[in-house]
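The structures come next, written out as structure tokens.
Each of the two complexes below includes chain A, the first together with chain B, the second together with chain C.
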Partner chain A sequence: MGRYAARRLLVAVPTLLALSLLIFALVSRAPGDPAEEQARRQDSRGEISPERLAEVRHELGLDRPFVTQYVSWLGGAVHGDLGRSFVRRTSVSSEIGRRIPVSARLAGAAFALILLLSVPLGVAAAMFHRHWADHALRVLSLLGASVPGFFGAYLLIILFATKLGLLPVAGDEGWQSLVLPAITLAVGPTAVVSRLLRSSLLEVFGEDYMRSARSKGLGPLTVVVRHGLRNAAVPLVTYLGAVFGALLEGAVIAEVIFAWPGVGRLTVEAIGQRDYPMIQGVVLFAGAVYVVMNLLVDLSYGFIDPRIRLEEAVERS
Partner chain B sequence: MRRKAVIVALLMGLVATACGSGSSSKSANGGSQPQRTGQLDPNADVRIAAPEDTWPVQGEKEKSTTFAYPFNVNVYEPLIYLASDYTLKPGLAERWELQPDGKTWRFSLRHGVMWHDGKPFTADDVVWTWGDRQMRGKTLGTVQGTLGPDSVKKVDDFTVDFTPKTVNNRIPEQIVHPEGAIVQVGKDFDSSPPVGTGPFKVSSYTPTQTVVLDRNDSYWGPKAQVARMSIRFLPDPQTRVEALKSGQVDFAVDVPPTAASALEADKALRVVKSKPGRTHLIYVNKSDGRPTADQAVRQAVSLGIDRKAYADVVFDGNASPGRWMAPESVLGSAAQTVPAGVFDPKQARTVLDNAGYKPGPDGIRVKDDKKLSLKLLGTSEIPEGATQFIQSQMKDVGVEVQIIKTPDTATRNTLYAQGKGDYDLDLEPPNQNDGNPAFLPVLRMSSKSPTNAQFAPGAAFDALADQSLTAPSTAQVQQLSAQMMKILEADTFIVVPLAGLFRINAMSANVNFTDPHPSNTNQTWFGLTKNLPKK
Partner chain C sequence: MSAPEAALREAGDAFVPQGRRILRRMLRDRSAVIGFVIVVIMALAALLAPWLARHDPIATNFSNRYAPSSGAHPFGTDNLGRDEFSRILHGARISLGMAVAATLGITIVGVTLGLVAGMSGRATSTVIMRLADVELALPGLILALVVVGLLGQGLRNLIITIVLVQWPTFARIVRGMTLKVREQDFVEAARSVGASRTRIMVRHVLPNLVGPVVVLSTLDMGRVLLAVSGLSFLGFGIGPPTPEWGAMLAEAKTFLDRSPALLIWPGLAITVMVLAFNLAGDGLRDLLDPRTVESTPGWERRRARMGADESVR
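Moving on to the complex of A and B:
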């Protein structure tokens, strides 16, 4: 297992390197001249002379060859220094670092809700297969997956904040503020995860070990929880990994509607301001989150399903 | 059957009760009647929902506005205030006079003003603000270009002279902008803690989330009528509306026009609108090679747009039909000399017919085998409905319009700055944030700036623009600005004013706000009051 993890970690390094190069190249080649943007920010008096433009380009290091710029940026990134924001004049790393815990709180709450809701719903749908409860849950899932995030957010605000006055409309003021954005973010993935779980469970219900468990006299729920869930979990974990990555890197709509100061809003602000170092930083962060989540998901397979470890051992021998 | 009907009726009743259980109650006449609920509460804490706090992302130079609009002038004050009717009101300067040399403006400063940290305000602060600091690009761009290193001089502790490099008699009207507000010697707007002279002091600030402003009881002028403003930054306008309706805030700044009529109908709320300060305009690119280089096409565009319908459709009636490039108020009595735009689609068709543009099989006009197709730019600030409205009206006179959405101002600026100009119509929402009546026409249409090459009408306009800088009185500049607008709107059809937008604030019925400012950066909060709860 340790060797497997080490091998996956080694694979993650070139993936991140390739990602960093792609990000740097794309952002560097985006339309518009960052030096001109910066010169305009510093001095809005009128026309910018070619001399001033050259000066700013030099200050920003943009007059160096592409490879030199990339290597210098990468060197900094490896040491946790993603450069300075053109707009805020602060460290990109520290700004992203400041936002991560805020996004992580929301992502964690939403993820917990997804698990809390989707597992019982998926299990119920599978256990009551073709029963009215299954049909009702299918309709609910369809609704959950198809309602646009912003629409759901407004509905929740109107119901729980405006009409009932139970929760804050927006902001980051205590656990109550987490409820509505977390539900908004959880609705869609809950619908998908519960359907995925239902399908996986239905597949494993026909397996011999499930029949054996039932023949031992175990109750239906015990059979599902002890034997079914673990075997049905692999496709779910893959999807949940991607969901958690997406939640952590920022949920733009929810963060704007609920005034949640996370990474998503930072990304929007950076793009709007053409803050190139910040854009490179947040996109690299998003990429790194996905790589790490994929790695964790891959490693978790071995714990969930011992056959995966066995296959690996067979491969080695 | 009867039992079923009873159950259905009961259920419907329950739903109706649930829907009506919020704080809102609709009035039959749809009006927004203020409800007095008690006496003024001098110790009131007014909870305010404001738009996004852009201050942290404004950049180094723009840090010269403290905090997000509309709270800046309430902490740091300018020498002169811009009143909500666009007249000038004494601020930290009691009076200002043009000296006999015709170039120097002498400002007599107010005595007895204290900074929030207890230090006295003097001429040194003004010289710091407009001297060393402005030379580092820290103050107002419109004035900077005319000031040199020695332009601002202290005469005595309470007198300062501004002598620009070249004559700029618009200085008093320009320095009203909050970017030109005065800071203490050695400090900037982003110094922490913020120390201003204004009617409110910053008690706490969490960027992008909250700011708490407390009344400055040592203020030199009439004191604010509430003790505290607790501001939450809620970027989404609909969220601000819901925060108000839920009672979680007392005041929502800049509610969307589409929400205004529902809020006005709610007896528990009050809606206060300003006069127009922001306008919606089309700038027409008249560069060689563009279809709009032809005056007939520009005239047809102007004749083909119904400004009244634009205000009604796009802003739900919360705007006035466009007539002036700058807001009417800043032009004073000269505003009436600018001819109102005419909506006459029949005449537009005739103009195009006479210019050789004949309707093609799909209704779009053709000349020399080329379709009359125009590219319309709209930034992300422009509502979708606005560009679609223009597209539909132009189609009616046989002009095809392709909408090009620029995702951000930077993209649009790049397009302008690089002189690519691959567009014909540019729909923009400029704001009048200073008291110079000629500000907008000169900024966007003078041929002195190469970025205006697509529009600049030429020598006659430029002569008026030059005069507007040297004219000694505001009344004269109002006349000059009106003449410039006539050239742009009625003679050359380079500018098509579409609408003048109201700023809309909504609040609880026990809160009042008597002086809404048309400019989004000059709002003062002296007129904010809150009543004691009714016993």
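Moving on to the complex of A and C:
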């Protein structure tokens, strides 16, 4: 296990390094001149003299060779310093740091919702296999997986805010404002996870230990919850990485729609304002979170089910 | 490996049986038939939009704003008095056109790079696959946002972005299939008579990938349409007044209190299309999957299989 973990970590480090290079190159090679844009930001009136432009370029360190710029940015990033925002004039890392708890609250609520909804739905679909309830749940999950987040969000707004006037539509004021964005985020993953759980449970139903549990007189629901669920959950762990990805992506859309002041909204704002250091910072941060989450998911297989051959997992990845 | 990828990979393992048997089996899978019918109807609607739409999709009429559904305007009119039905129809041309163009691009780039990675030596293969890994180390939408944000809005940039972001999944699967086909006897036979690597690639390996690739592309269409309309919703697609579903939805959110229907029509259009692509792609995969037995109905087969393939359903 230790060796496997070490190997996975060794793969994650170059991946992150390559990602940082990709992000940095993408942003620096973007069409447009960041120095000119920055000069205009500071002085929107009139022409910008070549001297002023050179001055700004030097201030931003853009007159140095690409490799020097990248190395100094990466060096800072390793120490948690992602540079200064062009627009906010504040430190990029402290701005991200300020928004992490806000986004984490939303993602956490959505994750809890996904578990809370998909487990009973998956169990119900499996237990009522081929019954009309199973078919109804299939249609529901099909819809859930096909509705785009940005449409689902407005359907929720129309229903709960406009028509019923129950919940707030924007901002971060108490738990009520968490409800709609969290549901928006949870719908897609719930649809998929409940279906996965259903098929996994159906597979487990054929196992001997299920028959033994049943034959010693346990009720069907007890058997499913106590013996089935635990075994059926193992293959689902594989999908957790995809759930985190969906949460990261969904957070961008949900935060924009519900004016939720998290990292996702910061990303879209930074891109809209062409705030290069901020873009590099948030994207590197998102990449790091995603890589670490996937690493943890991979490592957790071994803990949950030691039978899984880890070496094989390395080959596949 | 993510679940959609697992599903695609599974689709990739499929092979192509022939003839009328396919059609017969296909007609038995009800949800797939529904999916195909919707796709065909919407494709026709998009192609025939100039003849089907009774109004100019960008002609404004300020004396008839926010009109409810009526005979003349089946979906009512929008904030500028434009006919919503005509806009949805013309929007199909742009939204579906972009999805098709992007999917074609992903297919071409993905198949080429996957094939090359599968057929060439270690160095080339490593370069291509590591690049794919790095791109996959970031959630697709976030990478897409950065790329399109830096390129600037516009249809062409949006399509380029989606191809750049989504080729890796495709290339990975194609490489896997290529590695399998490469080991077959007929490839060995071709090699033994002195066929060049390029010739083997194009004449012997590629034809064997056509079936699975068609399935992969169909399965991908729903995802691509979601990406297209999502980025367009965020303002990176085509600007007004051209009708495009994602942009129409974004525009309608401003008038949500006045007329929620303006938001619901384009949203519904996107949802129905994604649903149809998923159903159709799914049916196509089942059809081409050698493990599916002809006499068992769809749901019975699905029961037997493990989870990941459910994800696209």
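Just so we're on the same page, the second predicted complex is superposed on the first by the 293 of 317 C-alpha atoms of A that agree within 3 Å, B and C clash if a C-alpha of one lies under 4 Å from a C-alpha of the other, contacts with A are read in each partner's own complex, and residues count from 1 in each chain.
In this section, a contact is a pair of C-beta atoms (placed from the backbone, for glycine too) under 8 Å apart; a residue touches a chain by one contact, two chains touch by 3 or more.
Source: prediction; values computed, not measured.
Annotation for the three-chain superposition on chain A: chain B and chain C clash.
In the superposition on chain A, contact of A:D33 is made with chain B only, not with chain C. Within the superposed three-chain model, A:I23 lies in touch with chain C and out of touch with chain B [touch as defined at top]. Of the two partner chains, chain B is the only one that A:D172 touches; chain C does not reach it.
With both structures placed on the common chain, the touch criterion links A:I158 to chain B and to chain C. Measured by the number of chain A residues touched, the leading partner among chain B and chain C is C. In the overlay built on the shared chain, the residue A:G272 is in contact with chain B and with chain C. Steric collision with chain C, judged by C-alpha atoms after aligning on chain A, is confined to one stretch of chain B among 4-12, 130-138, 166-174 or 310-318, namely 310-318.
Taken together, the two structures place residues 31, 154, 157-158, 162, 256, 271-272, 274 of chain A in contact with chain B in one case and with chain C in the other. Of all residues in chain B, those touching chain A in their complex are 18, 21-23, 56-62, 137, 141, 144-145, 208-210, 232-236, 238-239, 242-243, 245-248, 407-408, 410-411, 413-414, 417, 449-451. Interface residues of chain C facing chain A in the complex, by the touch rule stated above, are 1-4, 130, 133-135, 137-143, 145-147, 149-152, 222, 226, 229-230, 233-235, 246, 249, 253, 256-257, 260, 263-264, 267-268, 270-271, 274-275, 278-279, 299, 302-303, 305-308, 310-313.
Partner chain B is touched in their complex by these residues of chain A: 31-33, 36-37, 40-47, 86-89, 154, 157-158, 161-163, 165, 168-172, 256-259, 261, 265, 269, 271-275.
Residues 15-16, 18-19, 22-23, 26-27, 30-31, 129-130, 138, 141-143, 145-151, 154-155, 157-158, 162, 192, 195-200, 202-203, 235-236, 238-239, 241-242, 245-246, 248-249, 252-253, 256, 267-268, 271-272, 274, 279, 283, 286-287, 290-291, 316-317 of chain A are the ones that touch chain C when the two sit in their complex.
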